[in-house]
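Next up is a structure, given as structure tokens.
In this document, chain identifiers A, B, C and D correspond to the written order of the chains, with residue numbering beginning at 1 in each.
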Amino acid sequence: MPILDVRNLKLHYSTERGLVHAVDDVSFSIKEGEALGIVGESGCGKTSIAISIMRLLPRNVAVYSGSVSFDGGEMMQLPAEEFRSSIRWKKIAMVFQGAMNSLNPVLRAGLQVAEPLIANGTGKSEAERRTRELLHLVGLPTEVFSRFPHELSGGMKQRVVIAMSLIMNPKLLILDEPTSALDVSIQAQIMNLLKKLKRELKLSTLFITHDIALASDICDRFAVLYAGQIIESGDADHILLAPEHPYTQKLLSSTPRLRSEYKPDFISGAPPDLMTPPVGCRFHPRCPYVFEPCKTDPPTYSLSELQESRCWLHLNHQ
Amino acid sequence: MKPLINLQNVKMYFQVRSGFFRIQLAKAVDDVTLSINRGETLALVGESGSGKTTLGRLTLRILDPTSGRIEFDGQNITNLKEDELTWFRRRAQAIFQDPYSSLDPFMNVFQILEEPLKIHNAGDPRERRERILQALREVRLSPEEEFASKYPYMLSGGQRQRVNLARALMLKPEYIVADEPVSMIDVSSRAEILELLRELQQRYGLTILYITHDIATAKHFADRIAVMYLGRIVEYGSAAEIVKQPLHPYTIALIEAVPEPDPANRLRERSSIAGEQPSPIKIPVACRFHPRCRFFMPGKCDVIDPPLIEVKKGRYVACHLYPEPMSDA
Amino acid sequence: MLRRSVVKELLKTGSGRVGSIFFLVLIGISIYVVATYPLDFGVRSWRNPAVWADYPKAAPPVWTNLLSNLRSAEHQVLDKSQPTQILMGETSRTNVYEFRTNFLSDEPPTLISFTLAGVTFYERSPLLNIRFIRPDQNQLLLYSFVVPGPTAGEQAPIKRYYETPLRVALSNERSAISAVADFSRSSLGVDVDTAQLTREGILKILFSSPEAGHFRILKGVYAVQVAVELYDSRDSVGSLRLVLGGSTFGVLGTDSIGRDLAVGILFGFPVALFIGLVTSTLTTLVGAFAGIVSGYFGGKTDTLIQRVSDILNNIPLLPILIFLAFIFGQNLFVIIFVLIAFSWPGLTVIMRSMVLQIKSEQFVEAARVLGASRMKIVVQHIFPQTAPYVLAQMIFLAPAAILAEAALSFLGLGDPSIPTWGQILESGFRSGAVYVGFWWWIIPPGLLIIFTAMTFVLIALGLEPAVNPRLRRLR
Amino acid sequence: MGVARVLTVRGATLFGVLVAVLLILVVTLGATGVSDRLLNAQVSETLREQRQSLAQTIRDPDQLEKVLESKKQELLQFYGLDRPWYQRLPDAIIRVFTLDLGSARTLRTVGGSSKVSELIFERLPNTIILVTTALAITAIIGLWVGVRLAVKVGSRLDRAVSYLSAASNALPSWWTGIIFILIFSVQLHLLPIGGIFSAPSPSDIFGKVLDVVWHAILPILTLVAISVGGWTYSVRTMVLNTAQEEFVTAARAKGLPESIVMRRHILRVAAPPIATSLILGLAGSLGGAILTETVFNWPGMGRLFYEGILSFDEAVVVGLTFMFTVIYVVARFLLEVLYIVLDPRVRY
């Protein structure tokens, strides 16, 4: 049974200029102990998926529907207060994009990590002990406990944020671009840490990123997001080595490789505006293989046990 | 071949107030000697805070170096005043990192592209118009007339970078500094901009300084790579060789840290450099990389500052592991 | 495009539209005042008690009648300088000046007075006859008068009443009283004796008709004809004034020395606008200039400007303003100068940080690489980015200046030669109008200060959507 | 930047303010000849006293005049009146700084003293009572309402407060006070029209206190009315700005109850800018106090200012200008310290 099962999730925002279809009918699931990577370029709705699972919706939400079932229980029907007190951080925790912004500048790092424990009734000294333990686990010296965020380096802050996400022993960890603000050398350190945590704590992970190479460090399976929709999903081997959807193929060939002579490719045109996504297949205006059927929305084809793709090219597959 | 840009022992120190009455020096660029040949692309690779952008700005003389000598096409431009630099401004141009802040939001594309012509009094209005439309064609922003009348906020990141490129080309320069030109745009569009740059380079014989933190694109788009760490160039040589056989421990670590999309990644540790790059006001003594170096040799690396020496033909490294030129093996 | 859009966006918001309309109203009234008022209005009229001698003291506005059942008499000051009619006789000509008024109140006027100014004659002294004509067509000769003839040695032309006009309080004049007594007896058929008339006044009879033993106010058009008989073609008469005393006056009433508040308040419009606009414009110019210099050129000038503006910015304004106005004397221009001197740093500090921010934007660096001069970069790239904000600040400074001047005036430090709303309020406050409830003296000037200040605040609010997104983007 | 540095920089600026105001005062007084007049008045005052006492001992009028003349020269020299004004600047600064400004023309303390410093110090407590009470009430209302508005952005109340705040930029405090008098005192006879005590004032201490409170209601109401709108709105805006920060979302994600999120992650973080806003509003409050005291005949320093102006008393006006600056500078410095206590980014 998957730990997280998302079906037909929709999240639309209303803005002055119109309705933004940030998440448009997205389904995916994560098995226990598995890491799923959601990969997509800027403005394709990645972060919106994270916040709809965490139910941290902004004020201007227009549509929020579908089903999110966690550990067998349906979340969407849960009253807000119950969701807050029983699910958030206790079962599902999150590492936010940009650690420097997700730490409160006037509180000491230790308190920020320990805070959820204390709020749930754990004694101060016990919470402190547990926090120091966690700081050690994420590779930080324990004196970080009494430091303010502005006294820490970028990499240290990122580790604090990771420690913070682990304080309640969550089952599922959502990582939203956890390293995008860091230099490659620090990025590698953090990815190793996350890998270690996933292995040692048997965490189920949802890894959200624009960088498919980075995601391959930790993800067992991938879902490729384009314009608010998942256009291809499957296990790491298939997606990275034998992608079926033209967008995935193009995305991979656009990624410059250090260890091969293959020249990076590109996709011409710009990603669509989520206000007015193209009719039919959302990738068709930029797709090199575009043909007649692309003007209508393609179904999701199951290409194998492990791979699904949303493209008319697979019409003859079944 | 005569180099177009030649830097000799260039230093750029900034004053930083740190504490009461105490002013410290941030050594952004610290004794760099480097030349860029006519028609080549040199990639300056380094992490944030390595001084690569400062070095780029020095070659454009938007900064006055603390000391050292900067030559352009054989002429010393180190101490020229702004009004003596007009000829140089015409011949050297730049493309910037941020597609959102590099175009004046109050000007439309036509006005943006007309600005360089106006500054240098080039052509009459009709000729200007011709040249602007042609530049737009060259960066593949067509229909040109339509793009010319757009304001920056109506363009996507990739389109803005192309306007940036067109602006840099308006005066038909010889030298272009491209400072992280693609790091803020989507992966799927990066190669397009870089390809375009390369194509125009070939057409006009441009010399390019490509500043980047991404050694992978440097490998594909540059002829040579210079690796910077804390204000110093630590390694320097042809792009292919540096990637294939990095010599300096920092370069090695940098290359190892770059991920590639490979399902096998999750089964192994990524090698990484310990610690973080210190601030340019607290530069370690001697070899500045020694506190993080896995080949640290006590008594040597923390005592003597290794010079940048040519270890192979066209290959320079500043590291005590390579005290003398290597035999060609 | 973007410059035009500032105006467009201003008109898009409700507050911007209302503010703009208010502003046009202010401008319109100010133009009218500037065109019709003398420049030295303050000294010649407002501060000159003689001008207001014929006005009632502390009279509420006429329209307060609408609020009470009993309609009280409206104080009227009627002026004439041209005759209504000229009758040519054989040896003389008669200039007839007719004053008409539609009298509708429920009580008689409190007085009738007549003023004559500037008579020139050559041969014989002119003769004046004042005739009173009632709505019921009854009439009587109220008063006759011969201008005093030449004194010994006086040469023609003989001038009279130039320096001090002749003022006759008709209601107390002995001859008028007997004329009314006669009139009452002959035309109204009611006997009254002169002693009683002297005690009770003639106006009650003049303005009423008997009805079942009582006098009842007669409403309708009354006329007072002043006939001046002149005996030489060169003789001339300056101006005449008839005052019908009442307990209410004008649109806005009068103050305790009889000044028509409407006249003073009207004069306040251009003054308030002048104070607001001049102060805000000059402050903005100085502040923006200093800010740009400080932010863009840096160096020692920057440090100096920063220190000076830091200090000036932190000086509490009102005490120092009081001190300087007090020592340098009450002069509007001193007040404006001091306001500018202490308000520019606010804008400078903000401008400096904005300029620093814009300066670090890559398009400025791009312009430098292109070889644009510093001046060009400032004019072309930096100033336009700050312009909407500067404009908004300028508009926001105007109400502050208006309020500051009003506050100083209220403390008795206003410029006496230029009456302002603040000064009208000050005289009201100082003479105790507040405590006796002379609200018409207190409320309108205050409301107008608020109205004017609010106009600018509304426009500034209306500009916010045009200014703010840009600021946000700059941050 | 360390605390010491920050405090030194802010302290230096505020000290600069004090020096600047002192200089403006003495240079203006000197250059316009007012200081000569003031000092001459003091000289003649002293001479008059001395004449009386000397007249007892010296009978000969010529002799007396001679002695007085030499005394006069002594005094002129003592006050520096034999030198041009700019050479006397240091003395003048010290005189203003120590409020050694001689006597007021007609104003007297309750005890009958005419010394400027005594006049000012007699009035000082009344001003402080008024300003601090009004400030405290405004701050409390503003914080309480502002926080609630931030939660309900766009609600009718929110919009109303935003208009109110804009309108308060156009509202003269003194006129508001006058209108309050017209309504509450003249029309409704609810509250006294001014002053601080009733006549006759109650004899017991409790009654006296109540009497003061009774008289303070309208002035305080005025001071609060003109500043509460703007202050509430700025609290609301600062809370709102903080609430949009990512760490607030992170705090919510952590499953913390909304009360903790508000207190610890929003208010605590917004506290320094709120303190700044309070600092910036201080100058306005003092100005408002001068005018409000004048309107309500509240015997504080502000009313003394007005009385000094009416009696053309330079010494009083100078002393008060300086005193208001001192109060402002001291209060500012205290608030700067508060700011530093609130923001750890400055502390370390």
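List of remarks:
Heads up, the rule we're going with is that a residue touches a chain if its C-beta (ideal position, glycine included) is under 8 Å from a C-beta of that chain, and two chains touch if they have at least 3 such contacts.
For clarity, every value in this text was computed on a predicted model and none was experimentally measured.
The chain with its Cα centroid farthest from the Cα centroid of subunit B is C.
Here the chain at the heart of the shown protein, by mean C-alpha position, is D. The greater number of contacting C-beta pairs, out of the two interfaces A-D and B-C, is seen for A-D.
The geometric centre of subunit A is 70 Å away from that of subunit C, both derived from CA atoms.
Averaged C-alpha coordinates give centres for subunit B and subunit D that are 58 Å from one another.
Subunit C has its Cα centroid 69 Å from the Cα centroid of subunit B.
For subunit A, residues touching at least two other chains: there are none. Under the contact definition stated at the top, not a single residue of subunit C touches 2 or more other chains.
Interface of subunit C with subunit B (complex): residues 1-2, 361-363, 365-374, 376, 380-381, 384-385, 470, 473. Only residues 245-247, 249-257, 260, 264-265, 268-269, 271-272, 342-345, 348 of subunit D touch subunit A when the two sit together in their complex. Remark: subunit D residues 13-14, 16-17, 20-21, 24-25, 28-29, 32, 34, 166-167, 169-172, 174-175, 178-179, 181-182, 185-187, 193, 283, 286-287, 290-291, 294-295, 305-306, 309-310, 314, 317-318, 320-321, 324-325, 328, 332 touch subunit C in the complex. On the subunit B side of its complex with subunit C, the touching residues are 57, 60, 62, 82, 85-86, 89-90, 92-94, 96-98, 101-106, 108, 115-116, 119-120, 151, 164, 167, 171.
Across the complex, subunit A meets subunit D through its residues 54, 56, 84-85, 87-90, 93-94, 96-98, 101-107, 115-116, 119-120, 148, 150-151, 164, 168.
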